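You will see two complexes here that share subunit A, one where it goes with subunit B and one where it goes with subunit C.
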Partner chain A sequence: MFAALSPQFRSIENVQNIVDAAAVLAVVTCGITFVLMMGSIDLSAAGVMGASALTVSLLVANNRNDNDFGLAGVAVAVLLGCVFGCLSGLALVLLKVPSFMATLGVSAIGLGVATLMFAGVQPNISDAMLKGWAIERLLGLSYLTWIAAACVLAGWLVQRYTRLGRYAFAIGGAEEVLTLSGVRVKPYKVAVFTLAGAFYGLGGVMVTSQLGAGLVQAGNGYDFSAITAAVVGGTLLTGGRGGILHSAVGVVLVMVLTNGLVQVGVSPYWQGGVEGLIVVAAVAVAVIPQRRRNQVVK
Partner chain B sequence: MSVPAEREPATPAPVPALEVRGLVKHYPGVKALDGVDLVVRQHEVLGLAGENGAGKSTLLKALVGLVTPDAGEIYVRGEAVKLRSVVDAANHGIGMVFQEQSLVPNLTAAENILLGGEGAAVRRGVYRWDVMRRLAQEQLDKIGSNIDPLARTDTLSFADRQMVEIAKVLRIEQRSQHPPVIILDEPTSVLESKEIDTLFAQIRRLREFASVVFVSHRLDEVLDVCDRVTVLRGGRSVGEVATAGAVPRELHRMMIGSTGSDDHYHENAAAAVAAEQPRLSVRGLSGRSFRDIDLDVAAGEIVAIVGVHGSGREDVCRALFGIEPTTAGEIRMDGKRISLPNTRAACAAGIGYVPAERKTEGMVGPMSVAENMTLTKQKARCAGPFVAPRKQAGLVDRWIERLSIRTPGRDTPIQRLSGGNQQKVVLARWLIGGDIRLLLLDHPTRGLDVGARSEVYRLMRELAAGGVATVLLADSLEEAIGLADRILVMNDGRVAAEVACPNGGKPSPLDLVKEMV
Partner chain C sequence: MSTPVAMQPVAEPAIGANSPRPARRLTGFMPLIALAALVVALAVADPDFLTLRSLTAVSRTAAPLIVLAAGATLIVLCGGIDLSIAALASLSTVLLALWLPDLGGLATPAVIGVAAAIGAVQGAAHVLLRIPSFIVTLGGMSILSAVALVVSGAGTVRVVDDTPVKWLDLYVAGYVPMSAAMALVVVALIAAILKATPLHSWVSATGYSESAARLAGTPVDLVKIGAFCVSGACAGFAAAMLVSRQYSGGPTMADNLLLPAVAAIVVGGTAITGGHGSLWRSLAGALVVTLLRVGLPIVGVPSAYEQILYGAIIVVAVALTLDWSKVSIIK
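Let's turn to the complex of A and B:
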């Protein structure tokens, strides 16, 4: 449809644009998909990404201090994401805080930490490697896109071939059954949130690479977009259905839609609202077969 | 752990696989188990029979560690054990196939079978699907099932899922060196007759290397597949029957025992039934689990619907309150045709419903007696859009007195009341508006003690005398017979028989059972 409306949409560059723009969203969506599969929700992406963006920008070569840790700085930022995710998970299983509240709180903590590190002066990065991720291309796609592809593959492997992934799926399907079968569910829940945190941490690093600077708002909007993408891809908010590949398709759909709207001249001011509309509509569509099924279930 | 030397003398009889002595379990207001004894021999299929509330499910839960008994002992192969969890029970070789299936629907059959004990199929957290498939196949082979281990569980038929459950339970063999004890709780309630045959063949196979405890409402099945039947009544074991040559009637007589109480059901207070047009008239009502239901209830009449689990009587009751969707048929109240698309319509038509699950569906626990009583008929306590405190207080106090509800006050949270008084508040909810014409009572005395039951019965009689029509799903057959003026027997979603039940000419439970099974 967009292809018909706008010749630009059809161009090779635009396809590259769509795919490159999808990279960060794809990584964040990988993380959130595991949490959604489990039947929980994760709203901490924005905060975790902000904290990780500031962390990485202050650890690689930058204009605020003399650090130049390179890849190690990236690793620390990802680890920080793990810590935040672990916090969410622990609050959920130990303090019995519902996941939406726990992760919302962790998001606020992340933003707070990021603001502290920002300290009023924006750290611009000069690390050639990190900056290069967003600019240099391999086979026509940016490094960031390849990183995202690797994340999707890794996520799929985890989901398909590890106990963590399978149990996350099972928890979303019937948690009580796991308990009745003698499985200790809590460690797996914490692990899933921790894994999700790692993806958000990496997402924050990728945004920093794109912007060339560490911003508190690095993750702004990604929390919601990622849930949209996962749901559009067919992952149920009640858990137990969908998966990484579904979500990858969802990411592409959402990006095509956003990009298409820009290309046909829809004001960017409209996009937030349109995205909201999509997620509600997608959930409504997703529960239709369930509603029907409930009536014939025997 | 040294057990005092109470070893069996060298008798030829082998030690029972499982033995229960004097098991007691109290719940608030009810004695669910009152000293149950049970013996499961090795390599036998033991049937467990009993009416609702006889203590079957509590006993089973105690055997798999879901319920901790207050007193009594459980012996596994002669050794006293304390079972604290399902895993604990599994380690002692006891496993249960739950009534509501306990499989994860979105996993494969293989994963479900090996859940929580994947062993070699998962190394360092990484799945090896080929190994998993093989291990699951071994379990399935034991029961001779040809299900694809890698099929998703929710794509399997109900009977196949039952097989997966059995295969899963059989895994406990690996946890203990002894033959396992497998408990099957109502495994046939939703199976077709062909599937039941398959299941029974599997049960007979199981006997070769395990002991089986089989629970079913259908007595003919119990007699068919079991070697021996233990009958429970009122939380006690009341007898044991060798199934060879036994007939369902005999078992049923033991299940219900003799009802000696005189006028427990206030039969002499039975209301005169209005003879003219019925208050409620249902013709050809069909829905998901029932078909072609005809039902008339006159003002002042109590009509009981009886039937086994799965007969569809609960759904008929819920359909009359607009909860369960219907596909055909008509419902008339006092001759006027009504449609019941939702519960609001039912309330407006003067229909009241007392659900079976009082604690979750019948009342809002932390809210006060007054709030619970006025939940539905808001108008009765309001002036315009606002609650009128004095109007509400007067109204609620009047009904507390009228139904002699024992409560510290109208503002006491309802959960602090005893079960019987809670139920009276739930009933009062429909009475305060003064416009009640038909009451649907779904197990109104469930979980109540004898005294509280009697009060609920008396209240039902009073309401009937006041011209209210009542549809009753009773807790037991005697209750239905004692209270009802007429009884509808449902079997497999249809009305199988209608039995007049006038005071002085009551049918016997056996007459009804005949139609139920």
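Let's turn to the complex of A and C:
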């Protein structure tokens, strides 16, 4: 439809643009999909990405300090994401705080940590490798896009062939049954959140590579876009449905939609509004079959 | 009518096992204890804190937060959550700033009415489409922010002639800020209406056990929509306070009030699972949160810790006030 409306939309460069712009969102969506499959929700992406963006920009070559750890810095940032994810998971299973509350809290903590590290001076990165990720191209696509593709593949393998992925599905589908059949679900829940945190951490690193600087707001809007992408892809918020590949399709759809709207001439400020409508509509459509059965909705 | 039925199972096991009762009672008074402790700590850290000037400044800062938290408390009492209050308040500041030149004194009630209507629409979407409230309001937050950005052109809207909202920036009897007094009036009004009508039983019945309330004939759907409507109106009123203080409206002006408002509700001891809690608790919670915010720089902690603190407070306070008997599976 957009191809018909705008000649620019049809161009090869624009296809490249869409795919490249989708890279970060794809990685974040990979993480959130696992959480959604369990029937939980994760609002912590923005905070975790901010914290990891600052971490990586302070650890690789930059204008604030003499650190030059290269890939190790990236690893630390991803690890930090794991820690935040683990915190959300622990708050969920040990303190029994509902996941949207726990992750809202963790997001705030992440933003606070990021602000602390920011300390008023923006760290610009000078690390050639990290900067190159966003600029250099392989087969017409940037390295970031290949990283995102690798993440989708890895996520799909985890979902398909490991116990973690299988149980995440099962927890979303019927947690009581799983508990009654003797599976200890708590460690798996924490593990899923930790895995999601790792993806957000990587997402933060990728944003830093794109911007060339560590920003507290690195993850702004990604949390909601990722939920939109996952929901559009067919992952139900009640859990037990969908998967990484569904979400990957959802990411492309969301990117095509936002890119297309801009090309047609709609103000980019509407993007959030469109996403909000999509999420509410998609969830509403998904619960229609259960409407009569399910009387209690909090 | 159904309230005592819903409360019985909570009260009975407490007689058998004595230990949970003092603990429960302690959590009940926690917001007041925390408030007193904070005031004392701040007074010790900074002798100037207990002067009239700084106290009025604190109460002025707290006013919009109190109103926001009071509205959202109703929804939490019904067992839901409203994540859109801050975005709605931001949108309302923009609308108010845009409408003031044309509507004059009528702009404030108009904005409150629109905000209430938006709240009611969200409530209706939650109830009729059976979407969990946090999804509806999360989507609503995104939509409302987008609308605010578009309407304002992504910039601050200055208010040239602020006489219609000026009264909110005045002082009662020379000392008490009008905004703080109005915030108290809002809390007292909503609390009194709840108390004087069957609404209180309806709201807490809905929160304690929705299916039981439904079977007992409570108009659960209407109660919920009403709660969202009141929450929207409160967001509109908080926006009026912000505009009167800042002489402008901005598309992200109130966005940083979401976490403090949620923190205020849970710190006050209103259980996120619904039913247990009150508006007065949220008032105490809002004061605690404001004091923390004001107090951190006094003690010498950088304000970046504020965010971390909110995050930690929310998680811990939710865990403490949760009705553990009711939740078997947490998503």
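Just so we're on the same page, the second predicted complex is superposed on the first by the 287 of 298 C-alpha atoms of A that agree within 3 Å, B and C clash if a C-alpha of one lies under 4 Å from a C-alpha of the other, contacts with A are read in each partner's own complex, and residues count from 1 in each chain.
Everything that follows uses one rule, which is that a contact is a pair of C-beta atoms (placed from the backbone, for glycine too) under 8 Å apart; a residue touches a chain by one contact, two chains touch by 3 or more.
Predicted, not measured: the structure shown is a model, and the values here were computed from it.
When the two complexes are overlaid on their common chain A, residue A:E176 makes contact with subunit B and with subunit C alike.
Residue contacts after overlaying the shared chain place A:S267 against subunit C, while subunit B stays out of touching range.
By the touch criterion defined above, A:R166 lies against subunit B but remains apart from subunit C after alignment on the C-alpha atoms of chain A. Contact with subunit C, but none with subunit B, is seen for A:S107 once the two complexes are overlaid on the shared chain.
For subunit A, the partner that touches more of its residues is C, with subunit B and subunit C as the two candidates. In the superposition on chain A, no contact is made by A:A22 with either subunit B or subunit C.
In the superposition on chain A, contact of A:G240 is made with subunit B only, not with subunit C. Once chain A of one complex is fitted onto chain A of the other, the partner contacts of A:E275 are limited to subunit C, with no touch recorded for subunit B.
Once both structures are placed on chain A, subunit A residues 176, 295-296, 298 are touched by subunit B and, in the other complex, by subunit C. Contact residues on subunit A toward subunit C in their complex (touch as defined above): 38-41, 43, 47, 91-93, 95-102, 104-113, 115-116, 118, 175-176, 224, 227, 237, 239, 267, 269-277, 279-280, 283-284, 287, 290-291, 294-298. By the touch criterion stated above, subunit B contacts subunit A in their complex at residues 85-87, 90, 98, 102-107, 111, 115-118, 122, 125-127, 129, 158, 168, 190, 288, 325.
Across the complex, subunit C meets subunit A through its residues 79-81, 125-127, 129-136, 138-143, 145-147, 149-150, 154, 210-211, 214, 259, 262, 266, 272, 274, 302, 304-316, 318-319, 322, 324, 327, 329-331. Of all residues in subunit A, only 160-164, 166, 169-170, 172-174, 176-178, 180-183, 240-241, 295-296, 298 touch subunit B in the complex they form.
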